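Reviewing the structure listed below.
Chain naming follows the written order as A, B, C, D and E, and within any one chain the residues start at number 1.
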Amino acid sequence: DDAETFKIGVIGPMTGDNAQYGLGVYHAAQVAAEEINANGGFNGYNVEILDAGDDQADPEKAVNAYNDLLDKGMQMLCGTVTSGSCIAVGAEAAESTFLFTPSATAVDSITAGSNEFRMCFTDPAQGTKSAQYIGEHGLATKVAVLYDSSADYNSGINDAFVAAAEENGLEVVADEAYTADSNTDFSVQLKKIKDSGAELLFLPNYYADNALILQQAHDAGMDDIKKFGVDGMDGILGVENFDTSLAEGVMLLTPFSTTSEDEKTQAFVKAYEDANKDEVPNQFAADTYDVLYAMKAAADAAEITPDMSNEDISAAMSEAMLSVELDGLTGKAKWTEDGECDKEPKAFEIQDGAYVEME
Amino acid sequence: MSMLEVKDLQVYYGVIQALKGISFHVEQGEVIALIGANGAGKTTTLQTLTGIIPAKAGSISFGGKELTKTPAHKIVEMGMAHVPEGRRVFADMSVYENLLMGAYTRKDRNEIAQSLEMVYKRFPRLKERTGQRAGTLSGGEQQMLAMGRALMSKPKIILMDEPSMGLSPIFVNEIFDIIKEVSESGTTVLLVEQNAKKALSIADRAYVLETGSITLEGKADDLLHDESVQKAYLGE
Amino acid sequence: MAMLEVNHLAIQFGGLRAVDGFNVSIEKGQLYGLIGPNGAGKTTIFNLLTGVYKPTEGIIRLDGQDITGKSTIEINKAGIARTFQNIRLFKNMPVLDNVKVGLHNHHSYSTLTGILRLPKYYKVEKEMNEKAMEILKVFDLDKEADTLAGNLPYGKQRKLEIARALATNPKLLLLDEPAAGMNPNETQELMDTIRFVQKHFGMTILLIEHDMKLIGGICEEVTVLNFGQVLAQGETLKVLKDPAVVTAYLGE
Amino acid sequence: MKKTMNKTTKNNFINYGIVIAIFVIVEILSGTGNLSRLLTGLLVPLCVYTIAAISLNLVVGFSGELSLGHAGFMCVGAYSSALFSHIASDIPQVPRFILAILIGAVVAAVFGVIIGIPVLRLRGDYLAIVTLAFGEIIKNLINILYVGFDENGLHVATSSANLKLAAGGKQILKGALGISGTGALYKDVKHYFFPIGIILVLLTLFIVQNLVNSRSGRAIMATRDNRIAAESVGIDVTKFKLLAFTISAALAGVAGVLYAHNLSMLKVSGFDYNMSILILVYVVLGGIGNLRGSMIAAIILYALPELLRGFANYRMLIYAIVLIVMMLFNWAPAARNWRARVMEKIRGTKNKKEAA
Amino acid sequence: MSFLSYLKDGISLGSIYAIIALGYTMVYGIAKMLNFAHGDVIMVGAYVILTAVTRGGMSPVLAVALSVIFCTVLGMVIEKVAYSPLRKASSNLAVLITAIGVSYLLQNLALLIFGADAKSFVTVIDVPSVSLFDGQLVIKGITIVTILSCIVIMAGLMLFVQKTKPGRAMQAVSEDRDAAQLMGVNVNATISMTFAIGSGLAAIAGLLLCQTYPTLTPYTGAMPGIKAFVAAVFGGIGSIPGAMVGGILLGVIEIFGKAYISSQVADAICFAVLIVVLLVKPTGLFGKNIQEKV
């Protein structure tokens, strides 16, 4: 019944090049919602995940999806998945509909209103933190980057990483790019990187591209160069038929790993796999799961009810968010006034086909 | 039984009726002339016979077989060749290749070679230009090629759409001689011509087509001397 | 001074000398015939005269002006218009508009005037319509003004080509086999029309034709071409009796 | 003859009428609260794509050249105007927006000329591939462009690090991250984007229809139908192809301006060959050279996937099937004949009734 | 040495474009249509192999054969249902748009069936690498296989088109369908056969593409399809050797652009070279520059 349930929308790429990320979010939202409903819902009311709002990672379609979801009674938004879309939708949702993105990393994604929150790290934060980590742990001094310059996520992290390199004692000896239109052949970039004498290769890309890069780096005889990824690297072990030995020794800063011993994680991974034909959840899914629980915490605290208007829900939730403390799959998190999530990334290294947490 | 028997043939272009139920027949070995003014439907008639345009109603029987339901390429195999209006040579192929295409439905290499010799003998200009791209031939040369190409299939009946168009006077005479020769060698001819006088003088019988209907038919000789025909089509 | 003066015109296609040392001189207001066997090079001469091909050798003068090697557009502006052996109409445009395209360079207003529909637009368009209809009437095409050119029967398409060429207000009109595909009656009509155009517009006309009735009927002089070279030249009736012309071209 | 004049003029006015009628209906629906959020949100994009489709039709339908780079011109118009809006943020909103439109149109037109001069020498599919290439080049180059400004003026660089903005400087264009917040610069104007869009559609129709029915338009169509014949009557083929190409580019630029200002996020990756193809689909489905068809097809095909959102995962599949079926229905000779016959019948029975 | 190494990389990438372009140009040359769905048939072919090997446990050879058959039939069905009704449409853009519809259809079907997640491709062809100059230049086995396949296919297609009767029928159909019909050519069958061959080649291209770059999503074929289209035009569309040369050159230019100019603008460089070449030679490298007879 309409008055008895909260309706939550998910917006992200469900078709098109980036569909795997959007679908990860959508499926995780469903898994989380089911669990939450079994455990008292939001402030005692069930939540319902509306049909996925497909935006094909295009801001224009994202706004359309947003409007459509509002027509379908959406009261809160879990999304959008990608940054560009989130900026566009964020402008529409500002001070009207509560927006909580699991994965839009660009800084501007949630700056339009005080009712917009984020679960993941920002691009600059990831880039800067990666540089810090590499510098502090003395992993390398000569570093190279290979990133997708046509995508906001990748180039945003790259920009921040390069900017923070020097103060962390790193020298960027090669800053190589590729684009979505030529993302199969990396031989030239890898050769240049190899010739540059880099000791570490920073890969701020999503795992689908990284899987190919790792393969070609191996073919090019670059096994001795360390590889370092960010949260987008997570999921690489779940790529069907992927030869995980290629990822051996790859390090990544990410808040989540499917192989973590943690009970909550294991339960989530199992629930997700059961619901989705054994597909392994990626970090988008984990962030989404946490988003739903953070929303639950805020909803419980704000004591919102489904008959409230979007504006009222939004205002109450936004205020309650500031006091939420979540111990989620992706770590312990708190939120600042500007909607940013305050949590620590964990560093993992892939050993024997599994994530091992590092110092 | 007639070699070719057309009954009540109707053809449309969209909603425009181009043939309004025409009937005619062609006997084995005859030369039949089909004459009529611009836009009367002569080309349409020939194109419907060889299956380029579908018939809306009516029947075409050729050697006892119904053509309106036969796919176009089968019709050629059955022994009907067509020299189309506007020549339609394969512009990018050489003269030689064009002629070979004419023999597409035939298998025996020796016989094909013989036919080629025969065509070259009838059209020495083609032999001279055997390697030239057909698209660069002059208008008249292309007309010869179109005719030669149709003969290469060794047809039982050959449909010719204005074969004398664009030919020099000396060659017009020659082409009618060739048509006579073709006919004498046993091939039936259905001839569409603006040069009605010449056409009627070599034809056995003729039909006059006017805006999609046959208005007159008879022995070619009679038509040649028919006053209305003379006035309308012979310019006398 | 002659309207058209051609000296030593030649063109080579690979090994073939399609036109070789062609000379002709046509007076203003003359109706001149160009005949010759198939592949003799008649159409090629038209292509050379109109700048479609660039001559390998030779000079072309129109009304005293040297137009050798100029582009088709410039040559049309200088005063030569033509029709094509294989008809080239603007098939998807109405008959009237085909003629109005011919009027393009003589009744002019700017693109902006057209878009903004300034008064000049209406004035010039009205002139163009009147002029175009006048020309169409000459060819008895005025009733078909709204028909798409591509839907006309063959014979009328040929006439429309002439009308369009005439609309460019040329000094010299080139007609490539205007009577092809017409029956004797239609040809007779066409002859009258051509003669009318010559008289009424004071037009100089050079035409290619294989129909000797037409050539003999309306051309004052002819040139016979054979293998790219001039075989005979002069008064029509005389030339047509020339034994060389009879054996090479006319027959019997 | 009088009749033809009246017929085209009547047709043109029907087109204006349709646009105005749509506007009025939409206003009534939204005024009475009968317009869903989704549809409301679609209004401005629909104007954008209608303008794009009409302008592309000028090239594809009337000039007869296949262009696969139309999105490139929209992109140029969008970025140039968005940059302007950010830089000139102290000009009052209304004149600023008018200027933005003009700038988008002019910059796109300049690109149209630059690209058109070499490209229009090519024919057919070669021209198509080169326009596609230009669209992709524009996309690739803007993707690495960083623009910002501070008290020292405008800074342009190919990486964020090289931009070297002084403290307090504002970064406007951030490479792949694009330009955000353009819409927010027009708080007062934003609500009127739909009526503005409608006015721009009318303007586009006005320009294209009047052009097509003028001396230059006839020259453009003549070069399409037969290049050699057009030259033979003294038409400068290159000039008129370029004219059509440039006007089309300028109008695409206008569409881009509207696009850029309506969304709060401008990303170059949206302006790829897929978008160009999408617009081409509108033009072809609506009937090549048929402006009304372009408008209607743009509206139907743009709205279709959005309205199919209820089908969740199957919507793009359904969209694909509908597209194929509509193409067959609209273009297959068999289907056309069938439709003509049905129309004839309907008319026939009507006439009979009237007679009776 | 790095020049040689880049050249090798370029040829390796280019040979993939070439093998796709061969199928593209074949269909274009005969059916006179840009088959925008060609890239997606490649994707389908790759999924068939992957599924047959991983799910069906088939041997690689059998899987490839299955994929070729599947794509051949698919190509013929697409042609019959979506393209042939438009054969006599008044504009050839109509069928282009339908092809785009088919492309969307195949992509979204694959998305529904196989999911969006990228899958790593299995090794089907295992040929050892060749090492030159004391191991300074290593040429991968799959590259050699691809180039050899390219050459074989190119030669085979040329022989087929020029020397066989169906080949001549194809040429005739490509020039003038009605006239070809008057010669007794079965136009429908000929075009259908063209699509069969083109799509069969797409299956092989899918195999080689996914062997060289072992990742597969429903959109894997789209971009290589476009690039191959560019390559085919580059070489002179409709020309079989042109497709091969155009493909390899495109690969080499792309790699050299990345290597010697900038990897950020490699796409722009690639397209810019294409434009320059076409401006100098408006019908592509091998395209016949036929002047229309007036």
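Convention: a residue touches a chain if its C-beta (ideal position, glycine included) is under 8 Å from a C-beta of that chain, and two chains touch if they have at least 3 such contacts.
Note that this is a predicted model, so its numbers are computed, not measured.
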{"item": "Chains touching both chain C and chain E, listed by label", "value": "B, D"}
{"item": "Chains touching both chain A and chain E, listed by label", "value": "D"}
{"item": "Taking each chain's C-alpha mean as its centre, the one farthest from chain D", "value": "B"}
{"item": "Pair of chains joined by more contacts [C-beta pairs], C-D or B-C", "value": "C-D"}
{"item": "Cα-centroid distance, chain A relative to chain B, in whole angstrom", "value": "74"}
{"item": "Chain centre separation in whole Å, for chain E relative to chain B (CA means)", "value": "42"}
{"item": "For chain A paired with chain D, centre-to-centre distance based on mean C-alpha positions, whole Å", "value": "35"}
{"item": "Touching two or more other chains - residues of chain D", "value": "136, 140, 143-144, 228, 313, 316"}
{"item": "Junction residues of chain B, two or more chains touched", "value": "136"}
{"item": "Junction residues of chain E - those touching two or more other chains", "value": "108, 111, 264, 267, 294"}
{"item": "Chain pairs that touch, as defined at the top of this document", "value": "A-D, A-E, B-C, B-D, B-E, C-D, C-E, D-E"}
{"item": "Of all residues in chain E, those that touch chain D in their complex", "value": "28, 34, 36, 82, 85-86, 88-91, 93-94, 96-98, 100-102, 104-105, 107-109, 111-112, 226, 229-230, 233, 237, 264-265, 267-268, 271-272, 274-275, 278-279, 282-284, 292, 294"}
{"item": "Contacting residues of chain B [partner chain C, same complex]", "value": "35, 37-39, 86, 125, 136-141, 143-144, 162, 165-174, 194, 196-197, 232-236"}
{"item": "Of chain A, residues touching chain D in the complex", "value": "14-15, 51-54, 58-61, 63-68, 70-71, 83-85, 87-88, 90-92, 106, 108, 112, 149-152, 154-156, 159, 162-163, 179-181"}
{"item": "In the complex with chain E, residue positions of chain A that touch it", "value": "14-17, 19-20, 22-23, 149, 176-182, 184-185, 187-189, 191-192, 195, 207-208, 211-212, 215, 219, 238-243, 277, 279"}
{"item": "Chain C - residues contacting chain E, complex", "value": "43, 47, 52, 84"}
